[in-house]
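Below, each structure is written out as structure tokens.
Here chain A shows up in two complexes: once beside chain B, once beside chain C.
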Partner chain A sequence: MNLIEISNLDVTFGSFANTVAAVRDVSFNVAAGEAFGIVGESGSGKSTVLRAICGLAPVTGGTIRIDGQPLKTPRDAGFYRRVQMVFQDPYASLHPRHTVDRVLAEPLAIHGFANAETRIEQALADVGLGHGFRFRYPHQLSGGQRQRVAIARALILEPKILLLDEPTSALDASIQAEVLNLLDRLRSERGLTYILVSHDLAVVAHMCERLLVMQHGRTVEELTRAELQGRRAQQPYTRALLVASQGYVGQTPTLEKA
Partner chain B sequence: MISREWLLTDQPGSRRQARYGQAFRTWLSLRSNRLAMVGFWIIAALIGIAIFAPWIAPYDPVVGGDLRLDRLIGPSWDHLMGTDDQARDIFSRVVYGARLTLLVVALVAVIATPIGLAVGTTAGYFGGWVDVVLMRITDIFLAFPRLILALAFASALGPGIENAIIAIAITSWPPYARLARAETLTIRETDYINAIRLQGASSPRIIWGHVVPLCLSSVIVRVTLDMAGIILTAAGLGFLGLGAQPPQPEWGAMIAAGRRFIIDFWWVATMPGIAIFIVSLGFNLLGDGLRDALDPKGRK
Partner chain C sequence: MTDLLTVEDLRITYPTRQGPSEVVRGVSFALGRERLGIVGESGSGKSQTGRALLGLTPAPGIATARRLEFDGIDLRQASPATWRALRGIRISMVMQDPKYSLNPVMTIGRQIVEAYRTQKGGAKTAARDRAMAMLEAVQIRDPSRVFNAYPHELSGGMGQRAMLAMMLITEPDLLIADEPTSALDVTVQLEVLAILDRLVADRGMGLIFISHDLRLVSTFCDRVLVMYAGRIVEEVKASDLANARHPYTQGLYTCLPRIEGSQRPLQTLQRDASWAL
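And then the complex of A and B:
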């Protein structure tokens, strides 16, 4: 049973003469408990797919179904309790004037959750932040700590689906690994379903069972992790991405005979 | 219990401590700006003088001395700023005038700031036709010369300092609405607003809890910088007979009264003029310092 079914999704921004088709005819399914990756270069429309799912970008064609139900526009409160998102830049996703406590307490207040006090403490503990962080402002936190707060905020409503928009690309390498391990652990503990967007094939290969490669708003191909690791990509663009993910490999200079 | 360490700790233990700590940091950054502190102490002195006016003023501000002997005396140790044509001590009138000035400033801030913030953030947040309607109303208010509109309101409401204040407040909110709207437009699309939207927050909650706190600092700065103009508009209305009524010791009205003999008895108009100048300067310096101290983007 597929938890998320997306078929022929189109997202077009703008109106009349200057329209930008950010996503064209993209379809994929994600099973419950699965981690699904979307890979592509900047401007390939991968983040827009996530934004379309949660209602931040206009769906101009196709359907998005969760649990077989088409989504309502605007999304209702029940949707927000099932689907949450973690944003790319932890420096931009926390309100500069709100303490961690306020950030975590607000969703609980909106949805009328009881015993907010224990839930907040628990949420902080779950993402590896102690009590000492609870009343800090974002400017008193490092990038990795901020992203942990953002993850705690997304998880405090106990959603089933987590949309991850390049959650580690703004962090340095050692912190990236910490946050990815944290996300991995949370998924196995809570049976979450992830859609992870990244430009980093290594991250996607580490996190996801299946992935979709996108370019210019269109699907290039869908791969499984085994295919990715075996480098059995069909499309030239995917192969180019695979080469690029090995990093810069300089051509060994060959000594020409003079 | 409230010590410097407690306020500046990296790990506050409660909401209250976090809030006090944040306020203390703002205060520290304001305090490091020497000019802003000059402004701060001028405003603090104004408030102190207004509160303790009866103890500071040596004479009655309304009832003058002997009309035959005490009129239009120059500054001396008996009358620090001289006396006016009604034989009233100008220093005492300036001291009591601080109360009226504070009243004008405080009431205009209390009335105009919320109107401007509400209109501006609502227009900016919703966009579309809400924005068009609210901003065209703002434009209509902006299109009138401010003093003329205040004049119309003051004459409709009747003369008196309270009505002048209401008239000034009604005419001074449009710039705050424009400012708040501009700020809101940059805040609206940020990820932290998207994040709270994704948590199902209602629009009033987002505007009030998330957008307004970020607009507030720039609007407060703007209001502080406008205070000088507000005091002068109040004086202008008083001059036209629609603001403070005689014998109220309002600074603008005092200048208007001294205008008739400014060549021969310069101190009558000059002394309240100096008071307006110092207070306006104080508000401007404080506003400038607040801009730096309250900027959420500039602080690390």
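And then the complex of A and C:
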């Protein structure tokens, strides 16, 4: 049973003559408890897919179903109880003048949760931040700590689905390992379903069972982790990405520009 | 080979309420016409080091050094006029994020032309042709569109290439690239690196490549300085990085996930207080 079904999704920005088709005819399914990766260059529409699921981008065609139900626009509160998003840049996604406590209390208030006190303490403990962080402002936290707060904010509503938009690309390699371990642990403890967007194939290979490669708003191909690890990609674009992930090898893989 | 740049005992201090805090503590290195990588985490002082080489330590920070020489010019007591003759002309710097380093209210073309004419003067049309050629040299497919575009109209990769074009149009001897590709996609990253690589090879430019990405630096640079807490903890030949001796370098290397499959959970860096001493 697929938890998330996306079929023939189109997202178009702008109007009249001045339109940009950011996502064109993208389809994929994600089973409950699975981690699904979306890989592509910037402008490939990978983040837009996540934003479209969240209701932050205009869906102009196709359907998004969660639990078999097509999503309503605008999304209702029940949707955000089940689906939460972690954004790329923890420097931009936390309100600079709200304390961690207030960041975490707001979703609880919106959704009418009881015992906010214990939930906030628990959420901080879950992401490995102690009590001492609760009344700090974002500028008093390091990048890794901020991203933990962003993850805590998303998880405090106990969602089933977490949409992760480049959750570690703003972080140092050593901190990235910690955040990836945290996400991995939370998924196995709580049976979460992830859609992880990243430009880093190694991160996706580590985290996700299956992945979708996107370019120019279209699907290039869908791979399993085993296919990725065995470098059995069919499409030249995916092969170029695989070469690129090894670092600088003296020559640029030729990319087909459309 | 004569050294292009010599740095001895560079220290950068910021006053704080708890007394002065040293963020760079005695960094020394020499650079020829080669690719030198500086790797470290955020807060390790690598960007501060890069900025100090251009005299751009932001106030109230103070940079001191026993020796700081670029091509025989002592940079420690350099006058504003000397700096003007060096910055952007003989030493250029590319910053991490093109969103913040480009002027948002000027078109890309005007900014490049301005950079060129400040140094070389000459007619606008000549500068314009040169700028177009430079945009092409950094592999921009549609130079005339980019020339007339504002920074917000470009993607990160495009913006960074435009930035590179602007920095390289004056044909500097030394380029300090502070995380020039961190905001870019892997494939674009390689294209930008290929451009840099060609410039180092063809024009004999010196390059200081500051990055947190150990894997990238190890494949791109000739030598790597690993910084931790304001000090150079290790200098390794890039090809030997896998056999680095310092536990910090090893930790940085092993905490990266690998496509071929990595251990679960990933190894995390166990910091040792003695490294920071």
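Here is the rule we go by: the second predicted complex is superposed on the first by the 249 of 258 C-alpha atoms of A that agree within 3 Å, B and C clash if a C-alpha of one lies under 4 Å from a C-alpha of the other, contacts with A are read in each partner's own complex, and residues count from 1 in each chain.
One rule holds in what follows: contacts are C-beta pairs under 8 Å (C-beta built on N, C-alpha and C of every residue); 3 or more make two chains touch, one makes a residue touch a chain.
In this text, all values refer to a predicted model and were calculated from it rather than measured experimentally.
By the touch criterion defined above, A:22 lies against neither chain B nor chain C after alignment on the C-alpha atoms of chain A.
Shared-chain residue A:120: touches no atom of chain B or chain C. Touch criterion not met for A:50: it reaches neither chain B nor chain C. By the document's definition of touching, of the two partners only chain C reaches A:181; chain B does not.
By the touch criterion stated above, A:244 is placed in contact with chain C alone, chain B being left untouched.
With both structures placed on the common chain, the touch criterion links A:137 to chain B but leaves chain C unconnected. In the superposition on chain A, contact is made by A:84 with chain B only, not with chain C. Across the two superposed structures, the residue set of chain A contacted by chain B and also by chain C is empty.
Those residues of chain C whose C-beta lies close enough to touch chain A in the complex are 41-43, 141, 155-157, 184-191, 193-194, 197, 212-216, 218-220, 251-252, 255-262, 264-269. Residues 54-56, 77, 80-81, 84-85, 87-89, 92-99, 101, 106-107, 110-111, 132-133, 135-137, 139-140, 150, 153, 157 of chain A are the ones that touch chain B when the two sit in their complex. Of all the residues in chain B, the ones that touch chain A in their complex are 10-15, 17-18, 22, 190-192, 194-202, 205, 209-210, 213-214, 296-297, 299-300.
Against chain C, in their complex, chain A makes its touches with residues 41-43, 142-143, 172-178, 180-181, 184-185, 199-203, 205-207, 228-229, 231, 240-242, 244-253, 255, 257.
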